[in-house]
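Letters A, B and C mark the chains in the order given here, with residues in each chain numbered from 1 onward.
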Amino acid sequence: MFVFLIFPILVILPLSFNAGEYFTFTPEMLRLDPAGFSLKHYKDFFFNTDWRVATFNSFRIAPLATLIAVAFGTLAAIGLSQSHVPYRRAIMAILISPMIVPLIISAAGMYFFYSRIGLQGTYIGVVLAHAALGIPFVIITVTATLVGFDKSLTRASASLGAGPVRTFWKVQMPLILPGVISGALFAFITSFDEVVVVLFVGSASLKTMPWEMFNGLREQISPTILAVATVLVTLSILLLATVELLRRRSERLRGVSAA
Amino acid sequence: MRALLLIAPLLIFVLVTFVSPIVDMLFRSVENGIVTEILPHSTSALKDWNSERDELPGEAVFRGLYVDMVIAVKRRQHTRVGSRLNYEAAGIASVFRKTGRSLRKVDVDAFVRHFTDLHPDWENRAFWEGVFSDPAAAGVLPNSSRTFDAWSQDFAKPEDPVPEDFVYVALAGELRGLDASDLSGFGQPYAGMLAEAARTIGRLDEISLKQEFLQLDSEWSAATLWKTIKIFSPPLTEAYFLNAVDMKKGIEGVERKSEAERIYLVIFGRTFVMSVTITLACIFLGYPVAYFLARLPLRKANLFLILVLLPFWTSLLVRTSAWKVLLQQEGVINDILVAVGIVDDSARLVMINNQFGTIVAMTHILLPFMILPLFSVMKTIPPDFVRAAKSLGADAFTAFRRVYFPQSLPGIGAGSVLVFILAIGYYITPELVGGIKGTFISNRIAYHISTSLNWGLAAALGTLLLMAVLLLYWVYDRIVGIDNVKLG
Amino acid sequence: MTLAKIGVVTAGALGVSVGAASAIDLTVISWGGAYSQSQINAYHDPYMAENPDVKFIYDESAAEAVAKLRAMNEAKNVTWDLVDAVAADAIRLCDEGLALEVDHDSFLAPAPDGTPASEDFGDLIVSDCFVPQIVYSTTFGYRTDVAEWDGRVPTTVCDVFDLENFPGRRSLEKRPINNVEWALHCDGVPLNEVYDVLSTSEGLDRALAKLDTIKDSVVWWSAGADTPQLLADGEIVIGSTYNGRLFNLIEVTKAPVAMLWDAQAFDLDGWIIPSGLSDERVEAVKAFLTYATDTQRLADQAKWISYGPARMSSAPLVGQHIELGVDMGPHMPTAPANSQNVLIYDYLWWADYRDDVDQKFQAWLAK
């Protein structure tokens, strides 16, 4: 099973060192002949202006979209976790909708609507669209950590004279932090890997990496895409390792707070 | 109250940036204002035409058509209405295009002369402005007023001394059938002048714009064309929805499309069946993984979880291309099978550009969405239960089947609905590896948005898809509760 | 008015920019890949070198140009300045008022011998909004190493339909255009009559019936990069794609592939200016077009890609590929040896019947 999950990703790694121009294992590669391998696709990725612009854009859009999604999403999740929220189901459904509405419908709708209000093809437009797509993940992960949250802690904090804001930052926040971070990562990757909406809402000067890859697959298949993927997979592993470390740290924290 | 205050910013944000665009798009599925907007005179004249009899509409309709066409050509909208009607009956687009191109050949001098021969004031722009600024104008001569306004606001240069010909045609058309008493609301001298023009308007009856149009394109004599215009003039239409379920609003009412044109129900059905297959494949593959993870000590489990999450974090496009490399006939899997000798070199398996390719690639892509909810449910099942069952004499399989499995069912439910909802709306992967038998309804929606430009149909297909998804969401919320979804 | 136009023409011809006082960014939409690169090499870079105040922003969304322009127009917010479009799209954009009608002779440079631009481009000006740029063909490439063919080589487009002599998988584009014409042609209809036959209700059925005979062996492509990749991988033995892509595959990648020049679908690609731009932008774009579509520039593009220049006067100037040193003349779809038997794509017919035929074609595919 794990082979099924990982194998496709392992396959692309060697292909990214392909000296040829197509996604094919050349006979030279299979013979492990050094002539069949090259770093030229990596060079292309690091030195080609298009890819540089795309990388820059991806890193310009995703963090801001994530920030918006996390800020609004965390607040709302805290709101939703309180008892007796009227129309809770309906509100939840609306907030989750960006995850369940088929992307093509979201993309087309945003495209028409954003065109009308002048956001189509703007940086803000893409950021807002991506923030909306990331929100369900933040809601889901933060709500999940809040389910296990001991309400007496906030009461205790309040009784010791802390205001709601101080209570939030000092008591609630450290405890739901893993959920927030995990939600943030999901939101980040949603934006970072998103191609359908950005193709519609974006514009030439806002090309992101997935856009560039999609163009590549459509117009000029080149193993550069695989080189990009390899770089991104490495990046993902680092990110995931970070999350795991954070999780372990927070478990220790929780252990302390529960004791 | 405080809770609502916390929720409000996000709710507003999502409503503005996400929900309203979707509602806005869905409205396009019934919107049909374009026909009356671009052909106001013809469609209002067509109201009196009996489409049951196979006669051509009368002269009044053709006069209206002339005025509409002149204005539409100036605004470059005539082919737009042509394309709209072409969705309902192929060939109409070219009628409008051709007519638009040769419209200046239509001779309407007689209409101009009818007025200018009566009185030279009819050659005076200021006089015309007087007529149509009269308070009675909008009520008695609505079509002419609109036409004159269109001319003077959009097309006239300040120095133009007289209105263009089509304004005369519009007025002549509307004066037909009016008499002095109808026009008495106008102030003088307008009432008198209009009454005089109306009294003698019969002289223009011998002029046939119908003949002129038939000469431009004989298709204008086709009853189907006129019936199509008439059927599709209301501002709202169900036609796109009918089309989305392989029906059409024909001349005799709603009917099924001919066998050769039915396509959407097949694709909806296929989308459904393939999504179910993908969901089942995810259960089949995901359950053992989650089971394995749940029985590991937490720290180890988290490490393996990274393996589950890694593909999830790898670009969708890359994963899809990876499957291409693996599955194609000269691809890695076939190469291995041939090398091992399971498959003959001449009989390499076809595993891509078909349903199989889509199912494999999408199962891979969606598997984490099955494993994560399953894992979070299984973590909560105490191992003592199974141990207890075993100590009571159940063998391992029975213990699993009777004790463990029922407790893990909520996880299967949660994962299944999640995977199914995501699968049913998929677009990129079927596009790249689906070939022709492995594409989904989303691919048709994308096609109608970016290639055929039939946005109404795209919206109708999208609405149907969205309804299916919302129904599932509702079921999901009932069974599992959306709060219980966990993502790692 | 006329004076201003002459001013623009001369300024453009001399390579002097109009409105030199202010810098301007022009967003140019094209198809990406090697094609965009050939335009940048032949037109944009030299133009920017001569006009430092003009900067180009490149976008590769030409495939969605019609849809995007329509949405921009609806929103009254046009952000594109120049769009590279195939003739069919240009006609549609012009029809819908989304592209600007231009008077070709008023701003395009005449041929070196003084022939006005409109005559130099001739019939290729298929729409009032369209400034032709290149002629390309959709044609077939085949592998030269197919053992099952016993040394037979496809010579006509109908060999694509001949599974007996030319077994193996083939690729066709996932849309009816060109495919139904070829099918009818190979079912015995002369090329110049295919549209008449297709207009009858039996015509399309006949074409689909012919396609049925090879349906099980067809891989359907939708992106320009697909067929070259499939040929390179050996996934297919013969497939349709743009002639420039095949040139690249054969001459640059040196794949064991050869090109079939028979009944290739002749098509055009060129520029349109979106409507709704400010006068200043229109003037800047026109000044660029004056430069980019003159006789020498069009011939220059062929140094990088094997598409034929749209001007008659450019043909003799076509030289060698800049990296390969291959003579490009014989690789042009317009070369006499290559255009013995061509399919002239009927834009207006497709504009009318596209939706209808497409629906039936998709229904047929889904069966």
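By definition in this document, a residue touches a chain if its C-beta (ideal position, glycine included) is under 8 Å from a C-beta of that chain, and two chains touch if they have at least 3 such contacts.
Worth saying up front: this structure is predicted, and the values here are computed from it rather than measured.
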Chain occupying the most central position, where position means C-alpha average: B
Any idea which two chains share the most contacting C-beta pairs? A-B
Using mean CA coordinates as chain centres, what's the chain B-chain C distance in Å? 28
Taking the mean of the C-alpha atoms as each chain's centre, how many Å separate chain A from chain C? 38
Residues of chain B that touch two or more other chains sit at 330, 449
When you check chain A against every other chain, which residues touch at least two of them? 23-24, 111-112, 116, 217
Mind pulling the chain C residues that touch 2 or more other chains? 63-64, 233
Where on chain B does chain C make contact in their complex? 75-77, 79-80, 83, 86-87, 90-91, 93-94, 97, 260-263, 266-267, 270, 328-331, 353, 431, 435-437, 444, 449-454
Show me the residue ranges of chain C that touch chain B in the complex, using the header's touch definition. 63-64, 66-67, 70, 95-97, 169, 174, 205, 219-220, 222, 233-235, 348, 351-356, 358-360, 362-366
For chain C, which residues are in contact with chain A within the complex? 27, 29, 31-34, 57-61, 63-64, 71-72, 74-75, 77, 79, 223-225, 228-229, 232-233, 253
Partner chain B, residues of chain A touching it in the complex: 1-2, 4-9, 11-12, 15, 23-25, 68, 72-73, 75-76, 78-80, 82, 84-86, 89, 91-98, 100-106, 108-114, 116, 128-129, 131-132, 135, 137, 140-141, 143-144, 147, 182, 186, 189, 193, 195-196, 209-210, 213-214, 217, 225-226, 228-229, 232-233, 236-237, 239-241, 244, 247-248
Residues of chain B touching chain A in the complex: 2-7, 9-11, 13-15, 17-26, 28, 285, 288-289, 292, 299, 302-304, 306-311, 313-319, 321-326, 330, 332, 335, 364, 367, 421-422, 424-428, 432, 442, 445-446, 449, 455, 458-459, 462, 465-466, 469-470, 473, 477, 482-483, 485-488
